[in-house]
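Heads up, the thing below is written out as structure tokens.
Each chain carries a letter (A, B, C, D and E) given by its place in the written order, and its residues are counted from 1.
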């Protein structure tokens, strides 16, 4: 069900800023406590706002369910591969990029966790809204 | 919800707030805390909480991610079929 | 007067205000009244987080304030949608 | 009969104009450039450092984001003129003026509501006003501005064949005439918005 | 000096808004108090904080970004709640209701 025109347009105006903010939280996640998880929540919020205001069908045309599932699986696989790559240098999740930039592999880890959490929340919304929404 | 339940809810919320205010938030001197505080500069991560969560306890965070993945898979298997 | 003391006093005033608003959340005659109360309390919490960021000099609290604002907006919109359907989830 | 025909023709012309504006869109790279021009300063403010590495990372990230979400912000911009002119006008002249106007309006409205709280001299009512704006973004910004101006709250928006009506909850009803109410509620905000959005 | 004035103004406006939420008769007038007093008070407090702190300029601008987001989000949510409350079936205590004339 669509909400009123004001809500639809304002959520549309907000969502690029939210995505940029989520990208900032992912890339600079090692500076603040939390990091990846809150970035994923913001990334999910920017899609959930569109779902709430525009209805479920019209958002699903843009972000296909298969693509969201693919992002989730690929980022989970990436996390495991990152851990296994640390195995070559010393141990599971060894920080092998420590001296290159601030944080080393923690940046990659935060990006993976953020993408995975955002995609997982969006996927749960899609699957559950299929039963709740009528259009 | 009657009046009595609401008053009980107010009293319980205030008691919980007082309890949380009374807790001891000072740092504890035993356990692995001193190890973390003395060694977290070596990791190269600018924040202590992120250094613990994402470097020493990365295995734990991977477990959280796996749990989320399992939850999504379960929801999809339960509700993802055709709508009746 | 010290600046930190002044800002801590401001936080205490905001806390007392949200304690007043708890009356509207608990005893509000209808459902929209409670939603209005909850939204207002959360906005006050955002302002409190910003004041704490200045008092303690830890500016990453501003990030958490923005996150809290966003989650609050989603909650308000979902409650509004629930009201628009006439209070039924189907 | 005669009046009916004239009104019908007027209606048709407005409808055609509306459809023409909806069909036109500015080119793809202009949309991407405008979105990037808004998002990159946002990144700079949020990340809070001007080191060259941060600049490069921010530019690449916001370019990717703006190429994905190019239709979100730039849907209702007038298709005439060059992109640089539009961006500079919007960012340097119109938006700060609108922001300053709205800031004083917000201060005035807070004081007015505080006075209403103390004296309780309220006389609420729901009135219907008409606006000349046609685009989605213009109507949304106008409705949000009306909500922030003293004593009014937008309740609903209705569109019928190129005409837009707003239902406004007014805390102190002064007049019921539609034009007078529109003058008092919208004020000069609509004139400002007409320059930016169509 | 002006930052202390803005801080005191914001605090007073927020307290008066909370009193308004307690005193006004129905949901719509309460929404008036909630939206305007919250937005105005929060914006003036955040501008006062941005003037008061001794942080670099880009962090001061972050307070203004927070104020801008509050001013963008708060009216939208209050509009959605007002429309939802009308659809929920709460009759407003008004002298004239043109919305009910057009949507019987």
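Following the convention adopted for this analysis, contacts are C-beta pairs under 8 Å (C-beta built on N, C-alpha and C of every residue); 3 or more make two chains touch, one makes a residue touch a chain.
What you see is a predicted model, and the numbers here were worked out from it, not measured in a lab.
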Chain E and chain D - chains in contact with each: A
Which of A-E and A-C has more C-beta contact pairs: A-C
Most remote chain, CA-based centroid, reference being chain B: D
Chain centre separation in whole Å, for chain D relative to chain C (CA means): 27
Distance between the centres, which are taken as Cα means, of chain D and chain B, whole angstrom: 41
Whole-Å gap between the CA centroids of chain C and chain E: 11
Centroid spacing, where centroids are CA-atom means, of chain B and chain E in whole angstrom: 32
Two or more partner chains touched - positions in chain A: 3-4, 6-7, 10-11, 13, 17, 21, 31-34
Per-residue multi-chain contacts in chain C, two or more chains: 59, 66, 73, 77, 80-81, 84-85
Junction residues of chain E, two or more chains touched: 17, 19, 31, 41, 59, 62, 65, 69, 72-73, 76, 79-80, 83
Pairwise chain contacts under the document criterion: A-B, A-C, A-D, A-E, B-C, C-E, D-E
Complex contact set, residues of chain E against chain A: 69, 72-73, 76, 79-80, 83
Sites on chain D touched by chain A in the complex: 35, 38-39, 42-43, 46-47, 57, 61-62, 65-66, 68-69, 72-73, 75, 136-137, 139-140, 143-144, 154, 156-157, 159
Touching residues (chain side chain C, partner chain E) in the complex: 3, 6, 10, 13-14, 17-18, 20-21, 23-24, 30-33, 35-37, 39-40, 43-44, 46-47, 50-51, 54, 59, 62, 65-66, 69, 73, 76-77, 79-87
Complex contacts: residues of chain E adjacent to chain D: 12-13, 16-17, 19-20, 23-24, 28-29, 31-33, 35-37, 39-41, 43-44, 56, 58-59, 61-62, 65, 71-72, 75-76, 78-79, 82-83, 86, 92-100, 102
Of all residues in chain D, those that touch chain E in their complex: 42, 44-50, 102-103, 106-107, 109-111, 113-114, 116-118, 120, 122-128, 143-144, 147-148, 150-151, 153-156, 158, 167, 169, 171, 173, 176
